[in-house]
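Each of the two complexes below includes chain A, the first together with chain B, the second together with chain C.
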Partner chain A sequence: MNHYDTIIIGGGHNGLICATYLAKKGQKVLVLEASTELGGLAATREFSPGFNASVAHTLSHFSAKVAKDLNLAAYGFDFNAAPMTNIALNSDGEHVIVEGWGASSKLSGVSDKDKESYREYHQLLKRFADLLKPFWLKTMPRIGHSSLKESLTYAHLGLKMRMLGKHDMGEFMRVATLPARDLMDENFDNKQLKALLSWDGLIGSKMAPRSPNATILSLLYRMSGKYEGAHALPKGGIESLINALKSAAITAGVEIRTGAKVKKISIKADENGLRSEGVELQSGEQLLSNNVASAVDPKRTFLDMVGAENLEIDFTHRINRLRCEGYVAKLHLALSDLPKFTGLDSLDGRMVIAEEMDSIEFAFDDAKYGEASQKPVMEIVIPSLADSSLAPKGQHVLSAHVMYVPYKHKNGWTEEAKAELYERVIDTLASYAPDIREKIIAGEILTPLDLEQQYHVTGGHWHHGELSISQMLMMRPTYEAAQYNTPIPGLYLCGAGSHPGGGLMGGPGHNAANEILKAKQ
Partner chain B sequence: MKKYDAIIIGAGHNGLTNGAYLAKAGLNVLVVEKNAYIGGAAVSRELENGWIYSNCSYVSSMLRQTIHRDLNLTKHGLVLVPYLGTVNFGDNGKPLIHYHDGNVGYNHLRQHSAHDADSMFKFQADLTRYAQLIRKTLMRTPPNPTSFKPRDIKELLWLAKQFWGLGEKELYEYMRFFTTSAEEFLDDYFENDLIKAAMASPGIIGTALGVYSPGSAYILLHHVMGDVDGNIGAWGLARGGMGAISNAIASAFKGFGGEIRTNAGVQQVLVENGKAVGVVLENGDELRANIVVSNLDAKRTFTKCMDKKDLPPGIYEKAKNFKIRGSSGKVNIALSGLPKFTNLPDNKFINQGGQGFVGSLETMERAYDCWKHGLFSDDPFIETVIPSAWDPTVAPPGKHWMSCFVQYCPPVLANGGWNAKQKEAFGQSVIDKIERYSPGFKDLIVHKEIRTPVEIENEVGLTEGNIFQGELTIDQLLFNRPFPGYAQYRMPIKNMYMCGASTHPGGGVSAACGANAAREILMDLRKPNTVPEDSFYDE
Partner chain C sequence: MNTLMNSNHDLAAAYEDEQLQVTHFHARSSKFNIREAWTAWNGYKFADYYYDAQYEYFCVRNSCATYDICPMQKYYITGKDAMTMLNRLVTRDISKLNINRVTYLCWCTDDGRMIDDGTVFRLSEDKYMLTSGSPCIAWFKKAAVGYDDVEVTDVSDEIAALAFQGPTSCEVLKKMGLEGIENLKPFNIMHFPFKGDSDKKLTISRTGFTGDLGYELWIDPSQALDLWDELYLAGEDYNIHPYGETALNMARIEAGFILPGTEFNEALKTVHLHHDQTPFELNLGWLVDFKKPHFNGRTALLKDKTDGPEYTLVKLDIDGNKAADDSYLYDSKKCKNHIGYITSTMWSPVVKANIALAMVKTKYIKGQIWAEIYYSKEIRPKQKIVECTVVNKPFWAPARARATPPLRY
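Right, the complex of A and B next:
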């Protein structure tokens, strides 16, 4: 029987990244993916004959280090595309547009004062984002422990904060937990611009503009990428990233099995305590390994695959109460032709429907009580413009993240409730693109519950767990498991539920590989 | 013309406390007050013949015992007595009585949920433990984390030690507690919605957040870190109303030679050569002093009482952005008799305590949603107390009055400003809700005073009527209060200080802000410190 150094559960981008790093260091690695396709929420799948889409539809902060280390360019991943224009749609066609990125970005539809404020705002946030940047690709120290190495990480962070200077350091500590709304109100006048800029702090989480907590940290996290927060589509689409990761893994010697759903992580108990010794597949097959690294969300990993019987009650309790209920639904439309958005010539940008921050706030209010927003807000991309292979010739795919759609509907997610939501979303779209209905060949809306069921992610949460302060950094997903190792020796976490979190970034896979290799020495 | 050592703007409890400690150190201190009476928001007023309302703040718990004892406030007439219990009314069904007696309380909780009755012990223990750490910081000046001064570094290390000393588990729970919502925090302990709602209500009082908003769990703590006569977490009433607290402090202040001038609203702080040198009163009088201390909120101080050109760049903007939101209102009602509540025994545990019309978590959250739309809810959250059930001095014999604190009440209505009709409708929404639980309540009403954020701002001076002089969210706490770089009571103008609740540790009738500011002022003036250390709760 084959014995592996490391078995990785989950063939999403983090699982593949972790596997490749390990294999490059000579480990014998097996990746097990439950679905037939690799990529997890970034997998490209045919949702209607001839039309393809992936749930994750843009890249914003994919790690440049990971791309370089794994030589992804050699495998067809070309991330040199220009960033997408961000557009805050207005139903009268008076859009607010942010073109380009960073210092060279151009704003239109706003006052000169807002343009000037945007420069200052962006520079300030960039300084903050740069401060945090090194820490996303580092293992966080354990809280309450202070080994020399751990103290050094804190000292490093402290030093970086001091280096900001008195004013910026003070501002950093104030702004870090500020609700997105307050930061926007302090800086800008234009309502659409405020909604657009707060969007990246909110999407994917159970937070609205008025919520204090981690919305600004989420913004800074997304600003750690090459385009300082702007989004882009690689040539060849998201699929090219997953294909490149797959090729890199295979070249490094990683064995990949799809359609191989893990039922349990096998735990050996003897006088030395517990240790993971491999996995058992749904099919009953047993696979042995020294290490198991789970790219699956922490709840599923510990509660379903390890089992509470192997864990301390306190630890189980903390995992059990992790917050990972998704609030974002995904809309995919197969279109016979490009729709016409009022007042917009080019559709290759990232279009946001949220005319003011209150639109987002009030959409959130419905979801608090277990209902989908009556007036949903959304982010729209037409990925087939960048990658024509996604749709038949001349035809297109529209992909949208729709907020807020709760994982738990107060009356349960019935087909009727979904159909009603779908109609409501199309109606909303139609007030910006009046001809949309004529162009629709087919469409689907995936609620967080659908995402959970199709992609094996608890709660259908993008990040496998809220990016809230109590679930970030050295507390992600919880202490005793925040350094990628877990209370079960030999079992590691390497997915989005670990520091730094989700989004197509690659930090958890990269950091976990480091820890696994270190433990081996 | 007489020149004072210090002029303090605002005779609220913090201003008077500040004055008392400065005067105790031998300074020649004047407190100026715009109203004809002193007390700010800790005030007792006879608005109907024979009835004395605590028409703003209505209960006491935060008042630092160290200050109470040090200023000998009991000798100056202050008597505080704790509540006997609290009743909470849900949307339907039987009320939840929180008896402040272990066994009775436990047995009653069991009638609602046996699980929650057991959990309550852990909940109270955890909350008290969390509160202990914050209590230790109340009478200390926050460090400036950007400074390299030995004192700041020492204080920062002290703070780090307190946190680090908690250990991994506790630290994690603490961080979670600090950033989570009241709802999520309570979900860890309780299953019964009425119990959750009752426990969550302190998380929103005075705050522009809902029980579902992250950050509301911390505010819950702000309401349990006080004590009444050593009963930690207890709430109590002051004999003669909340004004008795201010009056006692004022009496101590005068005992040290301090001077108070009422009907003396400040037009502007006088600044010469970058230094505060005095104030100009609304009547045009100019008063000079070596230092000026503002007990007004940060926004009012810098945007209304100072000339923008006297301020260093950026300060005006910081003050403008300071979050001080009006979210609550108050209705004070004189009654011809004691109200009776459906399904409740008529006993002193209930009458001599608080009543919470909480409904449920969802009811409270929906009231917050209304506020976001610039409306007041027709099903508001109300916290009431009937001081006259214990204190015979605040109502004619046999008569009573009820203090109703209402959340939420917007500072500006969506359909324009407040007018008399809207104000009446707001008051009516409160009375209607109480009537639902106490049939016949309306018939007892002799007089009522309705206070929206507009009245609170106009009378007391609190911007938007915010009871804490600024939101208690992390971005405005500790070294961020009121703004980063100015949390040590010294203001951007030389010889100018702040001593109100806009500074650390924030709102509540604690007197800690005033005392902390006095310590800093005396240090700058190289005078011996007269402010006591809060060693009472240190291990």
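Right, the complex of A and C next:
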């Protein structure tokens, strides 16, 4: 029987990245993916004949280091795609538009005062984002008993904070956990601008502008990207990233099997304790390895694939209590032609429907009590503009992240409830693009529950688990599993549920590979 | 006057939920409590002693006596995963525990700190009963998370239980008509039709907390008073008598058994770091089975075992006859180097010695141990420094406690 150095469960981008790093260091690596395609939440799949889309539709903070280390450019990934324009739609066509990125971005539809404030605001946040940036690609120190190296990480962070100077350091401490609303209110007047800028702190979370927690930290996390938070769609779309990762993996010698669902992580149990020794597939097939690294979310990994009987009681409890109910639904529309958005010439930007922060807040209020928002807010992209292969010639795909749609509907997610939500979302869209209904050939809405079932992610959660303070940094997913290794020797985590979190970024896969290689020596 | 009475009445009503419950045997046992010496155990009215603790102690040691264990916490663990769930919860390997067997065990936090000790009864293939001195339901429910088929039910109130201990206990049960009871081995369980009625089941285990021959009787609460009457009728010529907490405490010290809040601090109720204990500190290493690949706290306990626990619980024979309550222990008569403390102490009438349980820093156990005793002589404070000897065997462990059939007394 084949014996691998490492078996990776899950062929999403993190699993592939982890696998490639390991294979490049000479490990014999096998990636097992349950679905027929690679890419996980970023996999491109046909949702209607001839029309394709991926759940994740733009890149904001994909790691430049990973792209370089794995030489993704050589495999067709265009990391230099221009950033997308961010547009806060207004039904009268009075849009607020942020074009370009960083200090050179151009704002329109706002007062001169807001334009000026934006520069200061952006520069301050950029300094904070730069401060945090190195730590997204580092293993966080262990709570309680840090090694010297881990203590140095603390020291490094402390030093970086000191280097901000007294004023900025104070501001960082004040701003980091501020509700997004407070930060926006103290900087800007324009309602649409405030909603637009808070969006990236909120999307994917169970938080709204008034929620104190990690919304600003999420914003800073996304600002670690090449365009300081601005999103991009590479030529060839998200698919080009997954294809490049796949080619890089295969070239490095990684063996990949799709349609191979792991049922259990096999655990050797004897008087020396427990140790993972491979996996058992749904088919019953047994595969052996020294290490197993799971890119599957922590709750599934531990409760379903390891089993409570192999874990400690309080640890199991913490995993069981992980906050991982998703609140984002995914809309995919097959369009006969581009719709006309009132007052907008070009549709290659990222369009946000949320006219003010309270629109987001009220949408959240409905979802908190188990109902889909009466007035949903959303972000819209037409990915077929960057990747024409997604739709038949001349036709298009519209992709939208819709908030807030609870994983658990208080009356259950029936077909009627879904149909009602779909209609509501299309109605909302129609107030900005009045001809949208005429253009729709087919459409689907995936609730977090659908995402859970189709993509094998607990709660259908964007980050595999809420990116909130209680589940961040050295607490991600929970202490005693936050350094990629787990209480089971030989078992590692390498997916979005680990530090630094989700989004197409690659941090977890990169960091986990480091830990696995370190343990080998 | 009237208003006052009214308000008193309201007060009683307002606090009704907080009033002590009475046990299933209260109607009978309270008749013995002529001193009204009540204390509380797990929310139940509970006798500290009935008439005279010394007398009750001598009943336990010389004839037979009953101890009301209704307030003891009892949980059913049922379902296909019951064994797996329990085996991960406790440090001992119970996978080989047969039906109708009981074993003593303990359970620990993830960090290997002891939460509580108790006994587990295997009642059928997928049904166990776990007992503990104080409530543990929250922990057991947590321990059931992640299993498909296991249920934890608190049945403390739904079972009437009476410990019946002492050298003549077997005789009395025989007299009560429980045929074959003499063949019940320690830690085994037998079931009898109560008063010949097979619908009424009396379950008897040969278990107890006195270190002597003894049994525990388990029955449906509706039969509790009948059971009491039957037992007291059969035991009339044997001086059967209820004993309270004080007498129990004497018996258990002689037997070398530990108590929460005395020898150990329940981990989940401990505030200060490491003011709780590991089983190794409590000399319960024999309850920790590292041949078992996994159980809660295993990693931490392996480290504790390898490093050696800082303290170890020991049994001491203390010179003289002055009670060494709460005494500090030293490695020399000079009392310079403090090496431990006394947890429980008494003058043992059966051993005729001043005995104690104590926590001593492990590395000093082999050396001299001196106790600094403060006592009062007609309210004048006095101090004495006396030498202590470590005793390895339980102070009280008569052969009849283990023999089957029990030796006649």
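In the analysis below, the second predicted complex is superposed on the first by the 520 of 521 C-alpha atoms of A that agree within 3 Å, B and C clash if a C-alpha of one lies under 4 Å from a C-alpha of the other, contacts with A are read in each partner's own complex, and residues count from 1 in each chain.
We adopt the following convention: a residue touches a chain if its C-beta (ideal position, glycine included) is under 8 Å from a C-beta of that chain, and two chains touch if they have at least 3 such contacts.
Since we're looking at a predicted model, the values are computed, not measured.
Legend: residue contacts after superposition of the two complexes on their common chain; A:L274 is shown touching chain C, with no touch to chain B. Using the contact criterion defined above for the overlaid structures, shared-chain residue A:E312 touches chain C, although it does not reach chain B. When the shared chain is aligned, chain C comes close enough to touch A:P487, but chain B does not. Touched residues of chain A, counted separately for chain B and chain C, are more numerous for B. By the touch criterion defined above, A:D182 lies against chain B but remains apart from chain C after alignment on the C-alpha atoms of chain A. Of the two partner chains, neither chain B nor chain C is touched by A:E415. After overlaying the two complexes on the shared chain, residue contacts for A:L303 are found with chain C alone; chain B is out of touch.
Of the two partner chains, neither chain B nor chain C is touched by A:D112.
Chain A residues 314 lie at the interface with chain B in one structure and with chain C in the other.
Of all residues in chain A, those touching chain C in their complex are 269-274, 303, 307-317, 320, 487. By the touch criterion given at the top, residues 145-147, 164, 166-172, 175-176, 178-180, 184, 187-188, 209, 212-215, 321, 323, 362, 365, 369, 372-373, 473-476, 479-480, 483-485 of chain B touch chain A in their complex.
Residues 84-85, 87-89, 109-110, 139, 142-143, 145-147, 290-291, 293-294, 296-299, 302 of chain C are the ones that touch chain A when the two sit in their complex. Chain contact summary for the complex, chain A toward chain B: residues 142-146, 162, 165-167, 169-171, 173-178, 182, 185-186, 207, 210-214, 314, 321, 323, 358, 361-362, 365, 368-369, 468-470, 475, 478-480.
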